[in-house]
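Below you will find the structure I want to go over with you.
Chain nomenclature is as follows: A, B and C, assigned in order of appearance, with residue numbering initiated at 1 for each chain independently.
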């Protein structure tokens, strides 16, 4: 086993030494990024069994919790960290055949966003969470602009919304600190009951807004389509696959561990359903494929939030499974869509007609991912859809179940439009040379089918993660020990 | 009365600052003014955080021979540490924002936010 | 072992896909071989109704049990599936050459076969659902790969409708799973029987929804016409012949094995029939009438036959819904017979399309001179479809009439008669316009189809007549099914069936017809031969007709009749559904116009508003 702190520290180190690597060899940065993310995955795997047995607490600076900042890596954080670093790894492979204008800076920021998102899921300290969110956001603002063109505008919008959000978040942290006198998540959770109910309400809502922006909740999510559409493909991928997963993690951590009140779950349930329905309805209207994927992505976030906030163990498990699927599938969708877009030279869905035979790998990747999302049997989406419906019916939420299924139907409608365009229509166009994505497509397809046929593969982590997030007293006990 | 004012002026002032900033962000049309308002909001929050850690007639939390280690005599050091971090972040965001404004100005030749709507729906 | 019926086609599918890339005949050949294998091994397990298989799986904390078993009903459907796919595959070996999606076609065709087997052998909802979905998806790609522009749109409509229904199925099934802790049929049936009747009925209706859609019963028939009309010509026979029938399989399972009929037994009845059953039969009647009227209007031969399929589905559902021994047997007979004669028709039309490349009836004509065997196949099949003895179609319709008259369901019987008589009109239209009439100049050089296409048509002609004379062959398995489902069996012998008001002896009738045929043949042979003249070699009141087109009357064939129903036909159900969904989806449009208007300050405002609203909600509560 290797020290988990490296997951955050190494990418940051590599990030800021990137200009030096660039000086050594102009090809080096992309390989450094690949190696770093691969290393992170190895570190995570080497700690797997241990974390499954008991959550790992890493105290920084030699002080004990609650005095020092600590990292807390439980099963849930492990799952999320796997998603984040896995997405980053796959996208690094994709990046190998990609050329960016300032590639040292691109990979600097790419590693920074990975480190930031990993930090978000591993930290056990409220303020640290804020810092990591900001690291992630700032890296995202800048990464977006690598596409040039309209991306500055998208980035500016995100920056303004993110800036307002961070004020909300900081206010929430301030109020929490003044009420509890600590920033350690476990200690706050332990004494959250003592906070004046009015203050608690306001604080929780401040967090809801602040983190809701990262978790892409309606109506805080209108930056999402712009960023996903305009950013380079790898950035859309990591935003969708990794950052949103981190956002969900943070949301879950705040509302399950810190403020586990039914009232907030109800809020989240309603917001999640609205996000879901609205996202699907708008996605159906899109003519731009990346924008469609963006809206679909935030609809999925809505679905995950909805299901998780049902609050039963089965529901949380279903939501987490959906989160895993979402990361896998959206990364694949974005990279295949990226290739298709650059092949056709247009982001319009109608210009992609007939690429199925001209760009078989990318079209196959898109199709299998779309079918995964739509829940075709023997693909991973089928299992999560089954679990979602089962758990929401089990919680007696007929209306919610109905709405989830209605949304799934709209989803089928717009994904199939693209798939049919790809394969069964023809357009005489000059196909441009594009990145080669064979390796990522194969890897992700294997994952999609693997999880669809043998979901038991991740049953244990999911089980443990759901148990962990639902039991906040265990979290407190683990971190604070006997205190 | 005076005492009350003294106690609440920090909070009131900083919250007022936040609201002024928020109003600016929501209502100004000039992108630079929006960024300034965002900066104001940040400052407001930072002030609020410092105010939360304020202890009447206490010293700076530095242990030396003049100030022996006596927690009661110190203002709370944690908010100050937070504010330092948050100022750094705020500055970074503002700098990035201004850089973006430059780029956007290059493209649209305007600073009016309501004319920059290339991305919608 | 029952799983092999699923995995052999599935494995062969990928082999066919890969090999077909090398040689365009490989895929269809593999399909044919696999179907033949399935057919043989199914024949070997005939009668061993105790065969079953089960797997237990603990998945994500759910204890799941996958059950499969062989029942007479599933055996019959499995045999029909593999037989028809064998014939189609043999037929399509030669027609693959000009087919762009040949590999995809064979891949999906084999997958469809495999998943239908899965559906048929499933004894629990989860297995059923998995294979049902797989069947829907693979058939979606099959329909999409049709040549016409509309194919994509048709497939799309098909999938959306199926998926919506499948979700209702899923919801109901999982609800039952929550209550019983099992997906298997038996505990579910038990639970439903003991549950409150309205809830059980609602659940079962939700469960049966995908089957109604697949069977194409009014008002869910909207996908049928376009899907049949635009699917690849090799797949249309299977789509109409088999895929629609799988819907009836599901309905029979719901009605009998999930005890739907037992639950509604004691509800309000009309002439001894529970109101809900009568409603289903009524839907069948409406389906007959709608399908018939719309078929008569069609100018596209495949779409015409598709509407005819819809109307024939009406007969089947009537018989199943009234659930008397005669009705059930009639339905099962008609189901099999429809499969046989409808595939013959579609294959004959596929042969025509293969040679002429068009599906519009007014663009062809007089093909009897060039494609006599195809004509013979079509003729035999439409005789069967119109229900004229001594073909199989007559017998099944006769049994259904008997069942309706026995109970005195006047309206249903009228609808059935109407459909039968009016079917003369629509089947005569392709006969007269495609095969009879004047041969178009551009089709002078057309030849009969190659041997591999002739064989399936010949076999089907034989089967039509065989079952027309010996319905006892079919009745044998049907009586086993009835016995299995707990329905009384009908008295039958090899060539006669006992109806309510007397028996039908098909051998006798066949002899009469055969004698008549011989006499007609003698007259034809002895009489003076007519003289064939060229198309333009006619006298036309001193005017010279140089345009051969004007001798062939094919466009808007039944215009006066159509005019009667113009108002009715204009109220298209498809249009209604499309407007409905379009309006629903429009709300997305207004959503994005309002919310995502590109104004960043609004976006920032939303966060403040959300805070204020939630705070206010918290305050009020």
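We take it that a contact is a pair of C-beta atoms (placed from the backbone, for glycine too) under 8 Å apart; a residue touches a chain by one contact, two chains touch by 3 or more.
In UniProt terms, the chains line up like this: A = Membrane bound protein complex subunit mbxH; B = NADH-quinone oxidoreductase subunit K; C = NADH-quinone oxidoreductase subunit M.
Computed from a prediction, not measured in an experiment: that's the story for all the values here.
When the interfaces A-B and B-C are ranked by C-beta pairs in contact, the top one is A-B.
Nearest to the common centre of all protein CA atoms is the CA centroid of chain A. One finds 45 Å separating the Cα centroids of subunit A and subunit C.
Rounded to whole angstrom units, the spacing between the C-alpha centres of subunit A and subunit B is 29.
One inter-chain figure worth recording: subunit B and subunit C are separated by 69 Å, centre to centre, where each centre is the mean of the chain's CA atoms.
Residue numbers of subunit C whose C-beta contacts span two or more other chains: 592, 596, 600-601, 604, 608.
In subunit A, 156-157, 160, 164, 225, 282, 285 are the positions where the chain touches two or more neighbouring chains simultaneously. Residue positions of subunit B with contacts to 2 or more other chains are 22, 25, 34, 118-119, 121. Listed in rising order, the residues of subunit B touching subunit C in the complex are 22, 25-27, 34, 113-114, 117-121. Listed in rising order, the residues of subunit C touching subunit B in the complex are 592-593, 596-601, 604-605, 608.
Chain contact summary for the complex, subunit B toward subunit A: residues 18, 21-22, 25, 31, 34, 38, 41-42, 44-45, 48-49, 52, 78-79, 82, 85-86, 89, 92-93, 96-97, 100-101, 103-104, 107, 116, 118-119, 121. Residue ranges on subunit C touching subunit A, taken from their complex, read 58-62, 101, 104, 129-131, 133-134, 137, 140, 144-145, 151-152, 155-156, 159-160, 163-164, 167, 170-171, 174-175, 177-178, 585, 587-589, 591-592, 595-596, 600-604, 606-611, 614-615, 617-618, 621. Subunit A contributes residues 127, 130-131, 134, 138, 141-142, 145, 150, 152-157, 159-160, 162-164, 166-167, 170-171, 173-174, 177-178, 183, 225-226, 229-230, 282, 285 to its touches with subunit B in the complex.
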